[in-house]
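Below are structures written as C-alpha cells.
In the two complexes below, chain A is the common chain; its partner is chain B in one and chain C in the other.
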Partner chain A sequence: MDVKFQNVSLAYDNVNNILNNISFTIPEGQLTCLLGPSGCGKSTTLNLISGLLSPTDGQIFFGDQNVTKKDALARKVGMVFQNYALYPHMTVLDNICFPMKMAKVKKADRLKRGRELAALVHVETELSKKPSELSGGQQQRVAIARALAKSPSILLLDEPLSNLDARLRVEMREEIRRIQKETGVTTVFVTHDQEEAIHIADQIMVLNEGKIQQFTTPNRLYDQPNNLFVAKFIGSPIINTIPFANVRDDFKTVVPNKVFSDGTTIAIRAESIVPATDPHDHLTLLPLSGTQVQSNRFGRETSLSLNYGGQTIVADGFREQDLGRNGKPLQFALRPQGVFVFNQSGERVWPETITANVSPIKPTEVIHA
Partner chain B sequence: MTKKRISQALLIIILTLGAITMLVPFIWMLSTALKTAPETVKVPPTWIPKHMQWQNFVTAWHAAPFLTYFINSLIVTTVTTIGQLFTTILAAFAFSRLNFYGKNFLFALFLSTMMVPGEMLIIPNFVTLSKFSLINTYGALIIPWLASFFAVFTLRQTFNAIPNELYYAAKLDGSSDWHFLWTMMVPLSKSAITAIGILEVIGSWNSFMWPLIVTNTAKVRTLPVGLNAFTSDAGTQFQLLMAASTFVILPMIIVYLCLQKYIIAGISKSGLKG
Partner chain C sequence: MIKQHPTIKSTLIAFAYLAPMLIITLVFNIYPIFKSFAMSFYTKYDFFTDKVSALGWANYKFIFSDPDFYLSVRNTMIFVLGVVPFSVLLSLIIALLLHRVRFLAGLFKTAYFLPFVTSTVAISLVWQWIYNDQYGLLNAFLSHFGVHPIDWLNDPHWAMPALIIMTIWKGLGFNIILFLVGLSNIDKRYDQVAQIDGANAWQRFIHVTLPLLSPMTFLVSVTSVISGFKVFDEIFVLFGGSPGPGKSTLTIVFYLYQKFYSEWKYGIAAASGVVLFLLILVVTIIQFWYSRKHVHYA
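Presenting the complex of A and B:
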C-alpha cells in the first residue's frame, strides 16, 4: 500500500512545528529511505506513519483510505525500533509469534508461521533462546521477523543498523534489502547515514529542519541535488564549495549571464576534478590552475588538496603519476558532471536541467520520479 | 596466590562473624524459652538451660488464644500484601506510562505524604475508621495498609527503566495497556515486586502498634499483640514470652527458607540493574 501525506504538520507542544506542512507519496512495494541529520524529524515522520503520533494538521492516507484518525493497531504497520525492543523475558519464537497471539491466530498456525519467518531471516536455529543470548545482528533479524509477523501493510525501520559494527552493518543492509525484495512489503527505512541510504533505497527523501529537501532516487540525488544542503549531505568526501565570486571568471563562457550574477556558491565533487590531460570532455575550454597543497595515497586511492579560488578543495580523480609537487602550481580540469552553482538561498541555479545521458535512469525511477 | 588465600580467609571470617551476630538473638530467644523463670534472670546468664523446660511452649500456647491470633495474622498479612501489590502495580503503571490531567501534581502530592511521620497518621486514621464503625474488625487491620506510596514510588522507578519502545512495540503488536502491564511490565519487574511483597509480608506480620490500637477483643487480634499476654504490671514472664515469640516468627523463617532462592536472586539482580 502506498502512503500519502497531505500538508502534514506536527508540533509536540502545539507551538513549534517540528514538521512543517509536508506532502509526499511513498510508493507501494518499494524501499524508501528517510535521510537527514539528527533531530530533523525522521523518527517523528515514522511515528506519524505508524500512528503512534497523530498530526497537528493535515491528512495521512494508506492507499485510498484516510487513516489520520486511526490508531497504531488499526493501521497494521510493522515496526523495528532502533534498540529492537524485543521482549526480554520471551524466547525468540514467542517474540516472533507475539503479534499473532494478540491477533488470536490459532496456536498451531502461528507457530508454523513463526518458524517460516525465522527461516526467512535466518534465525531458525535460535528459536528457544532469549533475546539477551543473541548477537546484535540476530536480535535485529528477530525484530524484523516480529514486525513481519502480522503481515503488515507497511514495514517501518527506525535506524535499525545504528547499533551494529561497520561490517555487520553492510551485511545486514543487504539482508534487509533481500527480505524486502522477497516479501515485497512497502518499507520505510530511517537513517542518518547517506551511504547506507544510497545502497539500500529505491528512493530517498532528504529531510532537514522539518522540510523535504528532495525526494528522488539515490543516483539522481547525487547527480542532481536540488539545493546546497542536499549536495553537501550526499557523497563522501563532502562536496567542495567555493564562493562563486572568487572563481566565476573561469566559468564566464560556461554559465548564462543570470547565473554569472546570481550564483553565490559553486560546488564541485572530488571525482570531477581531473588532470588537465584527462581524455574526458572538459567543462571549461581552458584548464584551470591552482596550487597543490598536499597529496596522499591510500592503497588504490589518492587524495589531493588544491588551493583554488582561495579555498582548499579535495580531488580524488588523480593517478599518482599525475600529481605535482606540493606548493607548486597545478593545472586541472573539471568534468561536466558533478559541478553545480547555487544561489543565495541555496537553490541550484546551474545546470538548470541535467540531461538523462549524464545520469542513466533505472526503469523503476522513470515511474516514480 | 597466598595473597588471594589470605583475602579469602579474611572474607570467610568477616562473613562468619556477621552470621553469628545475626544468629545470637535467635539463639538467646530459644535458650530463654527453655529456661525456668528464675534462670531467665540469673547473673551471670547461662546459654544452655540446666533443665530443658519444653512444657514452656505448651504453657505459652494455652496462655492466650494463639490459634485465633495465628489465623488472624495469616488473613491480615495475605490480604494486605496481595491488595497492596495490586494497587501498587496499577498506580506505578499510571505514574510511569499513562498521560492524564494533573499527573505531576498528583505525584508531588503523594510524594509529600511520605514526609508525614507514620505516628501522626495514627489518630486521624483511627478517627476515620471509627466513623465507619470499622474499629475491632479485619477492615481496620487491612484497609489502611492497602496502599503504600513508598512501594508505588519504588516500582515506578523500576517501570521507568523499561524502555518506551517496548511499550510502543507491544502497542503496535496489538497489546492493550492492561495486557502490556501484566504480560510485560510485571514479569520484567519480578525482582522489584518480590522485594516489595516481602517487605510488606514482614511489616504486616510483625506490626504491633496499629493492631493493638484498633482491636480490643481476641477475635480479631494478631500474634504480636498476643505476645502482650505475658507482660503484666507484676513483670514479664520471659521464658513464656520467648516461647511464644518462637512460634510467632517460625512462619517467617519457613517463608524465608522456601523463598530464599527468589529473595537472593531478586536482590542480586536489582543490584546489577541499579
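Presenting the complex of A and C:
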C-alpha cells in the first residue's frame, strides 16, 4: 500500500513546527528511507505514519483510505524499534507469534507462520531461546519477524541498525533489503546515516528542519543534489565547498553569466578532482592549479589535501605517483560530474539540468581510471 | 593493585576491615542462633548459672503433644494465608493505579506509606478504637449495611479477622512502594510495542506488565510470608498482652514468648523457635522452587 501525506504539519505547542506542511507519496512495495540529521523530523514522520502521533494539520492516506484519525492498531503497521523491544520473558517463537496471538489466530496456524517467518529472517535454530541469549543482530531479525507477523500494510523501521557494530550493520542492511524484496512489503526506514540509506533504499527522502529537501533515488541524490544541504549531507568525504567569489574567474568560460553573478558557493566532490595529466580521463571539465598541502594513504584510498581558492579541499582521485611535494603548486583538473554551484539561498543554479545517462562516478572507478 | 595475589598480610588487613561488623553479627546473630538450637535440647537447665544437667528430645516431645502448640501453628497458618494473598493483590492494584495517576501521586504515596513508619503501638491504639463494639468506626460503617455490631476484639471468631485486616493495612504502604519501583523499571516501550502488536489494556497487563513485574511480586510475597510467620507485636498490643479471646490469635511466636517470659521454660521456647525456623525455611524453599518457573528476570 502506498502512503500519501497531504499538507501535513505537526506542532507540539502551536509555536514550534516539527513538520511544516509536507506532502509526499511513498510508493508501494518499495524500501524508502527517511534521512536527515537528528531533530530534522524523520522520526516524527515515521510516528505519524504509524499512528503513534497524529498531525495538527493535513491528511494521511494509506492507498485510497484516509487513516488520519486511525490509531496504530487500526492502521495495521508493523514497527521495529531501535532497541528492538523484544519481550524479555518470552521465547523467540513466542515473541514472533505474539501479534498473531493477540489477533486470535489459531495456535497451530500461528506457530506454523511463526516458524516460516523465523526461517525468512534466519533465526529458525534459536526458536526456544530468550532474547537475552541472542546477539544484537539476531534480536534485530526477531524484531523484524515479529513486525511482519501480522502481515502489516506497512513495515516501519526506526533507526534499526544504530545499536549494532559496524560490520553487523553492513550485514543487517543487506538482510533488511533481502527480506523487503522477498516479502514485497512497503517499508519505511529511518536513519541518520547517509551511507546506510544509499545502500539500502529504493528512494530516499532527505529531511531537514521539518521540510523535505529532496525525495528521489539514492544515485540522483548524489549526482543531482537540489541544494547545498543535500550536497553536504550525502557523500563521504563531505563535499568540498568554496566561496564562489574566490574562484569564479576560473569558471568564467564554463558557467553562464547568470550563474557567474548569482552563485555564492561552489561544491566539488572529492573524486571529481583528478590529476591534470591523467591520460585516461577524457572527460575533464577544466584544468586548475592549487597547492598541495598534505597527502595520506589509507589502504586503497589516497586522500590529498590541497589549497585552492583560499580553502583546503580534499581530493581522492589521485594515486601516489600523481602527487608532488607538500607545499608545492599542483596542477589538477575537474571532472564534469560532481561540481555544483549554489546561490545565496542554497539552491543549485548550475548545472541546471543534468543528463540522466551520466552514470554516477564511484571513487574507486576514478582511482583505477 | 587489581591483580594482587592474596597474601597473609592482605588477608589480615581484609579481616581487620570486616571485623567490626563481623563481631557484631557473630555475637548478636550467629551465636544466639546456634545457642537456641542447642537450648532446644536442654531438658534440665539452670538459666542463671547456665548449667546444663540433661539433654534430650523431651522439649520437642512436649510441644508436639501440647494442644496449644498445634493451635498456635494453625493460627499462624491462617494468619499467613489471610494476610499475604490479599496484601500482595491489594498493594499491586493500588500501585498500578498510583503508577497511572500522576495527579497528587506524591501525596497518595506518603499517605499509604505512613502506617509503615508509625509505631505498631500507636496503630493498635487507633485500631482498638476502630474495632470497638459500641463506639467503633468499623461497626458504625457496617451498620449502614444492616450488619449488627460485631465485638471484634472480644469475640473469638472475629479476633483473627480483625488482626488480619490491621496487618494488611499496616503492610500495604511498603509493598506499594516496592511495586511502584518495579513498575517504573519496566521500559515503556514494551507497552508501546504490545499496543502496536494489537494487545488491549488487559492483555498488555497479563502478557507484558505482570511477567515483567514478577521478580518484584516474588520479593514482596517472600518478605510478606516471612514477616507473617513472625507476627507478634500486633497481637500483643491489639489484645492488651493476651493471645486474643480464647487464645484465638495464639501464634507460634506468641507461644514462644509465653513459654519463655511467663513460664520460664527456655528449652520449650527454643524448640518452638526451631520449628518456626524450619517452617519458614520449607515455605521459602517452595516459593523459590515455584519462582524458577514463573519469575522472569530480564
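As a convention for this text, the second predicted complex is superposed on the first by the 350 of 369 C-alpha atoms of A that agree within 3 Å, B and C clash if a C-alpha of one lies under 4 Å from a C-alpha of the other, contacts with A are read in each partner's own complex, and residues count from 1 in each chain.
To be clear about the criterion, a contact is a pair of C-beta atoms (placed from the backbone, for glycine too) under 8 Å apart; a residue touches a chain by one contact, two chains touch by 3 or more.
Please read all numbers here as calculations on a predicted model, not as lab measurements.
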Given the superposition on chain A, are chain B and chain C in a clash or a fit?
clash
Looking at the overlay, what does A:Ala72 touch: chain B (first), chain C (second), both, or neither?
both
Is A:Val247 contacted by the first partner chain B, the second partner chain C, both or neither?
neither
Where does A:Ser132 make contact in the superposed view: on chain B (first), on chain C (second), on both, or on neither?
second
Please work out whether A:Val170 is in contact with chain B alone, chain C alone, both, or neither, and reply first, second, both or neither.
neither
Considering only the touch criterion stated at the top, classify A:Val293 as touching first (chain B), second (chain C), both, or neither.
neither
For A:Ala11, select first, second, both or neither according to whether it touches chain B, chain C, the two together, or no partner.
neither
Please write out, lowest number first, the residues of chain A touched by both chain B and chain C across the two complexes.
50, 52, 72-73, 77-79, 81, 83, 85, 87-89, 98-99, 102-103, 146, 150
So in the complex, the part of chain A that touches chain C is made up of which residues?
50, 52, 72-73, 77-79, 81, 83, 85, 87-89, 98-99, 102-103, 132, 146, 150
Which positions of chain A touch chain B when the two form their complex?
50, 52, 72-73, 77-79, 81-83, 85, 87-89, 98-99, 102-103, 146, 150
The chain B residues in contact with chain A across the complex are 163, 165-166, 168-175, 179, 184, 187-188
Touching chain A in the complex, chain C uses residues 187, 189-190, 192-199, 203, 207-208, 211-212, 214, 296, 298
